[in-house]
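One chain, chain A, appears in both complexes that follow, with chain B as partner in the first and chain C in the second.
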Partner chain A sequence: MKIFIDPPNSLILYDLVERFGHEPLSTMGALREKVNTLEMDSPPLNITHEDVQKGLKYAGIEVPSGIRGRLAVFGPLVDEAEAAIIMEDPPYAFGCVGCHRTTLMLKYLIRKRNIPLLEVKYPTSEDEARTMVGKIKEFLEGLS
Partner chain B sequence: MSEETETRLIVVAPDSEITPDHVTRFIHALELPITVKETCYGAIIEGKRELVRKALQEVRKLDPNRICSKIRGFPMGDMRRCRAHHGSRPGFPQLEKEWELLPLIAEGLRSAERGEKIEEPERKVKLPVKELKKIVEEVSQ
Partner chain C sequence: MIKIAQLSCGAEYSGVQSEIEKAANSVGAKMVYPDIDYEEIDRAVEEFGFDPASPTLRMMIARAMHLVEGRYDADAVFIATCFRCAEGALIRNEVRRFVQENSRLPVVTYSFTERTKAGQLLTRMEALVTIVERKELLARERQVGLTAGIDSGSTTTKVCILRDNEIIGKYWLPTGEVLNSADTSYEKALEMAGVKARDIEAIGVTGYGRFIIGKKMKAKLIQEELTVNSKGAVWLADRQEGEATIIDIGGMDNKAITVRDGIPDNFTMGGICAGASGRFLEIVAKRLRVEIDELGALADRGDWRKVNMNSYCSIFGIQDLVTSLAEGVSIEDVAAAACHSVAEQVYEQQLQEIDVRQPVIQVGGTSLISGMVTAIKDMLGQQPIVPKDSQFIGAAGAALLSSGFLEGQ
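Here is the complex of A and B:
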């Protein structure tokens, strides 16, 4: 099954989802198509007018363009997802996951879809890590 | 670059006895037609998707719970990201943070393998203001 992960560029979630036999939907996968396309629309990252319009599907015109831009990448992944895992309180906020408003909108979009959803917290100790991995394993095994 | 090509990061946990050099040499020894580059956290591999997956499957056997992997959007040596060409590395701080956490995840995976019962541990919470005031009053008396 296709599992959306949040934060969408998380190594831990990507690895765990794949390890337990599912397909993770991540930023890296979505951006890969953009940066590897040979079109010369808007080098170096090939952001086109269509991408801008895609963002409008997920957030209104009054929403800052940065949020709409991010949602233009994350939104289609949420639409495609058959289940999702959200890891709350990650201590890093760099690059594409650096915008808190986008994260809030993204979580709203995921919850609105009513797909199987697991919410875990970023572990800070061995006990918390055991619980997190155990919950993810149970959730993913229950899906298939 | 064709759709079938995949670039992957192979990340070795800091407490693993396997080194990035070991990982790279091991992948080279598989003699698969893929490109391998040693990095500070493990290796980057690139090639046809099925070959990359095969290499990953084999390399994971070295230390199953402490070798993790994810795909990478940009191809290997891409001018926009390559350090040699002064490319930006926006994803690295996040990768570094999660790399530090991999020993905990490995413990979690071992626990899941043993089939241990999931128990929600008590999380540390911030000290409530009332408690703090109480402590201050007690100390100042």
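Here is the complex of A and C:
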């Protein structure tokens, strides 16, 4: 199944989803095309005006362009997702979209989809980490 | 008295609360504020699924939930947040969707600045009140008797004479002095219809000049253009049942209205930017030295991609077009770029504020410019319906609705 991960650039969540036999929907996948087809710097520096315009599907014109640009990349992944995992309060290095408003909106969009969803808190100890991985494993294995 | 529930964040501290209330009072409505218990806020936010940091936005969500659950009695909803607040803009739109998906309450949204005045809110408040108060009138699907409609727009004045659900006379001219323009158009339309003014059983008036003309002509209906135009549009397009989206790009302002069975349930209205209006196209036509009615065909032969437009502005946008002409781009391409620019701005500033429903009915003077219809089609990915006499929606709608006053006489 296609699993949206939040933060969408989390390598740990990406790895866990793949490891348990599902397809992670991530920033890396969404920007792959841009990396391969445009000659400009590395992503997301090659997000264009047209991309930001596409973000209007998810948020109005008064919403800052950075949010709309991000939603133009992540929004279609949410639309495509068959299930999702949200990690609450992750530290910077865990994988972060860099904009709290976008994160709020993404979580809202996911919750609105009414698809199987697992929300976990970022673990602060080894025991919590084990429990978290266990929960993710159980969730992913329970998806048909 | 019509009760409009206010779901907002920042209105008090922006200094616009009194303006909101003034606008509501002037159309016979009252702003009300759903009471909620403190404990309800967290539950509402959790159920809603969006967890904003701003406490007032959290309260706004709880109030919206209270309304849709029928725990607070209101007739319409006004949703507003500060212009430029990202979190506010996100919540405003989602609360609007939530209320619309879960209730039949008419909604209008607005993002205010400290300069927002009651006058800017008046048409929106008036439309909310009309939708609530005159539901039966708006549900009319057929015109009866002999009635007239006058649409005193910012750029043109249009008149329609209707008899037994048919347009039998029509006329339009550029708006000069408001009363004179209305008188002249009315006389010409009567002439075409072959009837006398004394035979007209009811007159309906809409548009910017509606109050002064309505008073002079003793009109039975004096109504803002949002509801009148949407009624006229679905009548002309023969789409009175079901859902539709009406796009009305006018001379000075634009309207995007969604309707269900001919009754508007959401609308946005632009109006401070000439770059997104018929005025911009007029300026372009003048610069290209063609008549405005030739612009559409020119645009259809051009390619907007060949013109580099950095601005929508009617000053700087025109500058871009002039620069392109100087670089040897054809006038066809410039015409296409102008139409594309207007469509793009309408799309970016208005259509994303409403959920576009099929079919799309394009009306207003600019719908006669074929390039403009093509540009909207390209933007939305589907062909809009342009009904016959599409520039007469306001006049036709006013004549149709005013006939509602004849029954029972």
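Criterion: the second predicted complex is superposed on the first by the 127 of 144 C-alpha atoms of A that agree within 3 Å, B and C clash if a C-alpha of one lies under 4 Å from a C-alpha of the other, contacts with A are read in each partner's own complex, and residues count from 1 in each chain.
Assume a residue touches a chain if its C-beta (ideal position, glycine included) is under 8 Å from a C-beta of that chain, and two chains touch if they have at least 3 such contacts.
Here the structure is a predicted model, which is why all the values come from computation and not from measurement.
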State whether chain B and chain C clash or fit side by side on chain A once the two structures are superposed.
fit
More chain A residues in contact [chain B versus chain C]:
B
In the superposed arrangement, does A:129 touch chain B (first), chain C (second), both or neither?
first
Which superposed partner A:29 touches (first chain B, second chain C, both, neither):
first
In the superposed arrangement, which partner chain does A:59 touch: chain B (first), chain C (second), both, or neither?
second
Angle at the Cα centre of chain A spanned by the Cα centres of chain C and chain B: state it in steps of 10 degrees.
160
Looking at the superposed set of three chains, what is the minimum CA distance between chain B and chain C in Å?
18
Common interface residues of chain A with chain B and chain C?
none
List the residues on chain A that touch chain B in their complex, please.
7, 9-12, 14-16, 18-19, 26-32, 34-36, 44-45, 90-92, 94-97, 121, 123-135, 137-138
Listed in rising order, chain B residues that touch chain A in their complex are 1, 7, 9, 11, 68-75, 78, 80, 90-91, 93-95, 97-99, 101-102, 104-105, 107-109, 111-112, 116, 118-121, 123-124
Which residues of chain C touch chain A in the complex?
49-53, 83-84, 86-87, 89-90, 92-94, 111, 344, 347-349, 352-353
Residues of chain A defined as touching chain C within the complex
53, 56-57, 59-64, 67, 100-101, 104-105, 107-108, 111-112
